[in-house]
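Shared chain: chain A. Partners: chain B in the first complex, chain C in the second.
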Partner chain A sequence: MEIVVLLKQVPSTESLVTIAEDGATIKTEDVNWIISPYDEFAVEEALRIREAVGGSVTILSVGPDKATEAIRTALAMGADKGVLVNDPAAVECDGLGTARILAAALKQMPYDLVIAGQRAVDDENFQVGPAVAEFLDIPCITLVIKEEMGDGVIRCHRTMEGGTAVLEAPLPMLFTTQRGLNEPRYASLPGVMKAKRKPLENKTLADIGLAAADFSQPLVRVTALKPPPQRSGGRMIEADDAQTKAAELVKLLHEEAKVI
Partner chain B sequence: MAQTVLAIAEQAAGAFRKVAYETISTGRKLAAELGGSLTALVLGSGVQEIAGQLAEYGAERILVADDGALAEYTTEAYCQVCAAAIADLAPAVVLMGASSQGKDLAARLSARLNAALATDCVALKWQEGALQATRPIYGGKILAEVTLAGQPQMATIRPHTFEAGRASVQGTVEKIDLAVTPDRVKFIEKRMESGKVDITEADIVVSGGRGMGGDDYTVIEALAEQLGAAVGASRSAVDEGWRPFSDQVGQTGKVVSPNLYVACGISGAIQHLAGMSSSKVIVAVNKDPDAPIFARCDYGIVGDLFEVVPHITEAVRKLKAG
Partner chain C sequence: MTTTHESIAFDVLFVGGGPACLAGAIRLMQLARQKGLDLEVALIEKGADIGAHIISGAILNPTALKELLPDYLERGCPIEAQVNADAFYFLTRKKALRLPFIPAPMRNRGAYVISLSRFTRWLSKIAENLGVNIFTGFAGSEVLYGNGAARIVGVRTGDKGLDKAGAPKSNFEAGIDLHAKVTVFGEGARGSLMKTIGNRLNLYAGRQPEVFETGIKEVIQLPTENMFEDFGVNDIHLMGYPLDIETPGGGFIYGMGQGRMAIGYLVALGYKNPWLDPYELFLAFKQHPFVAHLIAGGRVLEQGARTVSAGGYYTVPRLYADGALFVGAAAAMHNPPALKGIHLAMKSGMLAAETIVDALEKQDITTRSLSAYRRRVDDSWVKTEMFAGRNFAQALAAGVPLKFIHLAVQQLTGGRGLRDPLPTHSDHTTLRPAKSRPAPAAKATVACDNTLMVDKLTGVYLSKTKHREDQPSHIQVHDPQLCIDRCLPTYGSPCTRFCPGEVYEIVTGEKDAQPYLKLNPSNCLHCKTCDIKDPFENVTWTCPEGGEGPGYKLL
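For the complex of A and B:
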């Protein structure tokens, strides 16, 4: 089983994300970078499938030099090799552009199964996985909380409002991860040592048959970033006992906030 | 050229989801801004009957794709029908709800049509010939203003964020012809937790965190029942195995924007805030006066939740009793 994991490096979830001077990008100096949490689930699931049925796990990422660290971390967890598409022309990409690059890279490698995160926790597009599947013309199941590998088919439990749907797709296919799928392992020290010697290939857009000019006009352009509206900070309800506080709260919710 | 907004109205088991009405209303507003008309599209099996309800929210023209093959949502079948309708109508804008279905469908459709897509929007307007969307990124730590290009321009709207305003019009319901080729993905079955309102769809969410100290959520459930609310949880509570994954609110859980969010025994970690900070009103109950959640709520009570929450439940009961 040839498994490819689409992995993006993102600011850690506890990072303070601040807007840069230009008003349209974020400050990256003080950011701590991690594998996007949903992609970490993807790596873990890929390793488990390989452990069960054999094969290899390739990590594929589009990003700058720095993204190498995230790929190395996945290799330290146990993935076999990494491919980084690193090209200045790819920096301004929107979700579809990224998906096009990933699909072009995938076309040059063997794959039976592609696993992506449901969304990257930076751009939150919820788009790249299904779009890659469309460009490869393979089926895609999103928000998978459980999978069962069969003979040439995979059964996926997809989360939806109020329950789950069980779906089955032939391979090759792509699925995206949902929390609950697994608990990702930590990279062990021997794993980290081994990862240093695992193959990690760098590619440019030209290497995968794409031209920089194809990515100069993204369909979605960020014009400005702004902080979300801030709450003034809690109005604390003071009283001598819990019962009076509770009564006061309910009164405020009813008369002032008008939500009950 | 007349410009159309196509709003895809999601239904489940023969009833429109609330976000469907929000989508129609938003579509109507955008149609007015671009000086065009609104067309609604409903997909499903046996949905012809309910389709007319969309006129109450302003859909003048309602297209219905009614077919056994659409009884359960599968990506490719739905995508095929939507792509055909879009080819036919050439809409300027395509809208749907940012539900688990809408996000899945929009993503695949955007790639098929090579169309710009803004997911999980909290504000939308048509300006200078393009869709301008506002969407939370980085777990809601930042709001991005984005401009879309090309045709059509697609957006999914965050549930509970846009108003579902009534605007009764004379709607015409048209059945569209379709030949759905079987999806490569086979639907096997659905496992629904009966009688449970999903936290993303509830008007009120009451959540319990590690402060619950165990899997006994009786006090939370009693308040939720009194308020007609759904029960949520922090990741810590889910990790402890006290609550299912589907109840988790946050960056690696669900994003909710109810009218009222009540956080009990939750400290207010940034990853939890990512899932609930767009709620309209936030209440926190925590025994630690320095808990960060108090800086992010509208009303706070310092106290033991096992003491405070039952009193809130009782006060709500009294209020309801009049």
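For the complex of A and C:
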């Protein structure tokens, strides 16, 4: 089974994100970078499927030089090889543009199964996985919390409001991950050593048959980023017994926070 | 459950990714190249990245750097600024008195202001390019002994994926046994493995007890129009307020360029007053009119805390064992009057590397050949520099007016002073009973806006500290009942104050209305103050799962 994982390197959630002078991007110099957590679920699930049925796991990413660190981490977890589409023209892409690039790269490699995070935790776009499936003209199941591999088909359990749905699709197909799918493994120390020698290919847009000029005008442009409202400190409700505390809490939730 | 641990063999293993081990690893590879030796070298670091747990002032004395990498400027060494002038102030409650002279070891004009976190990241790239295997996110959790337990043969890394009760989860990953012909320990001040080796192999016999300081530091972004830029001095040291005259400590302010300032406060952990709270002192320091003026309008970008091994020359332990060498702050390499340790850490790592290459060439890795490291230290400027300040910390720890007499005589006698060596006293022994000192009226005395004046928990947030909640506590309190039965009545639970991360809380049980100790290990900044200062030695700090803890970038 040839499995491809779509992976993005994102700022860690602990990073202190500050908006750059242009008001539409973030300052990246002092940020800690990690694999987007949903993509980490994707890597883990790919490794489990490979362990069960054999085959290989390829990590595919669009990003700058720095993104090789994230790919190496996935290789250290146990993936077999990495491909990074690293082209200055790809930097400003919107979600759809990224999906076109990933689809073009995928068309050059064998795949039976593509796994992507439901979303990257930086842009929170939710678009890339399904759009890649669309460009490849293959089935797509989103928000998967469990999968069972059959003969040429995959059965996926998918979360929905108030329950789960079970869906089936023939391979090749693409699914996106939801929290609860698995607990990703750690990159082991021998894994880190082996990862250094695993193949990691850099490709430009031209290498995958795309013209850089086609990506100069994203269809969607971020015009402004705004920080969330300042966190204000918590308030402790002082009272002698639990009953009075609870009554005061209900009152505050109703009158001040206006949530109940 | 018995866990099996895979093992991997290296020629040399470095434990810790600070300036000591990184400079050592670089020197080792340089020498190996010169001599045509093919060495397998590994370095482990408990932080998620190199630099993630690294915090310092920092004024860099570039002597060791110039010896190690003469072309450091061409290699893009990250220097924030160069010291243009020094100033030394004594603070009273309201005033700042500029001293007319600067003590010689503190004259820094021409030295570099660096972020040690950035600097170590840069060093690590050089080490990696020379072929060092750097493993970040792996903590050394146990020392491996061989040959009837007399010889250090390597280090076991910590298990990952344990639940709160210590049982393996589905993603459990057993630690690895890293074997090496020589293991170099450079864990920084109060190394958790170093402490166990010291006790087991008697490294501290015949030495003065090590003493420490706790430092809290921030990087502040100043507004475009700010007082500090106009001030014209980018290296300021401040003594006096808010500390009482009995307790050694003080503040520093260094300009980093780009409108950024490093500001920090250090307190000697030999303090006596159990009510003392280093974090509150730091806040009070920032609110002193002189300091407040310089930082006005600023925003804290990052905060962190770490202890410094501040005893100096007489507290340096035995520096070698069969199969092991000890470098940097883990081995008390520090120049107390200059407030500097980075260059000594680097040089000690380099001297260790030279010793190792010799030993490997001679195929003798016993103390017979490794003890040459101590001789190399003593023959180098490390000894000359540390020896001059050998009684300094001890003098400061003395009462008033004795400390000033000690300092004056030391000044005149090249460090010898009235008594040589002046003894140090272990920091855990110095607290006086709580009732002998007036209890502070209320706890938080300083109002925090959490932008420029940040409270402890916001500080933890600004250190980007992260620990998985469902794992065994990495802070071991051996007897929690002792905390309540003896420490609370005698010292008023000093852990709730000396910990800058609010890891320790005394709370009252909902049901029985009894006080008990509540631990928040996920707040831990890895500063190690608790392991040092707890008056009953009831706390042992161990490494949590590798890759956790602070995520420093600028400190």
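By definition in this document, the second predicted complex is superposed on the first by the 239 of 260 C-alpha atoms of A that agree within 3 Å, B and C clash if a C-alpha of one lies under 4 Å from a C-alpha of the other, contacts with A are read in each partner's own complex, and residues count from 1 in each chain.
Convention: a residue touches a chain if its C-beta (ideal position, glycine included) is under 8 Å from a C-beta of that chain, and two chains touch if they have at least 3 such contacts.
Only a predicted model underlies this, so the values are computations on that prediction, with no experimental measurement involved.
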item: More chain A residues in contact - chain B or chain C; value: B
item: Which of chain B and chain C A:L96 touches, first, second, both or neither; value: first
item: First, second, both or neither for A:L7, with chain B first and chain C second; value: neither
item: Common interface residues of chain A - those touching chain B in one complex and chain C in the other; value: 14, 16, 233
item: Chain A residues touching chain B - in the complex, by the definition given at the top; value: 11, 13-14, 16-17, 19, 26, 37-38, 94-96, 99, 121-131, 133-135, 139-143, 145, 155, 158-170, 178-180, 217-228, 231, 233-237, 242-243, 245-247, 249-254, 257, 259-260
item: Chain A residues touching chain C - in the complex, by the definition given at the top; value: 12, 14-16, 30-32, 182-190, 192-193, 233
item: Chain A-touching residues of chain C, taken from the complex the two chains share; value: 6, 8, 48-49, 52, 133, 135, 137-138, 157, 160-161, 169-171, 173, 176, 178, 301-302, 450, 462, 464-466, 551, 553-554
item: Sites on chain B touched by chain A in the complex; value: 12, 17, 72-76, 98-101, 103-104, 106-108, 110-112, 114-120, 132, 135-150, 183-193, 196-198, 200-201, 204, 227, 245-246, 248, 251-253, 259-260, 269-271, 274, 277-278, 280-284, 293-304, 307-308, 311-312, 314-316, 319
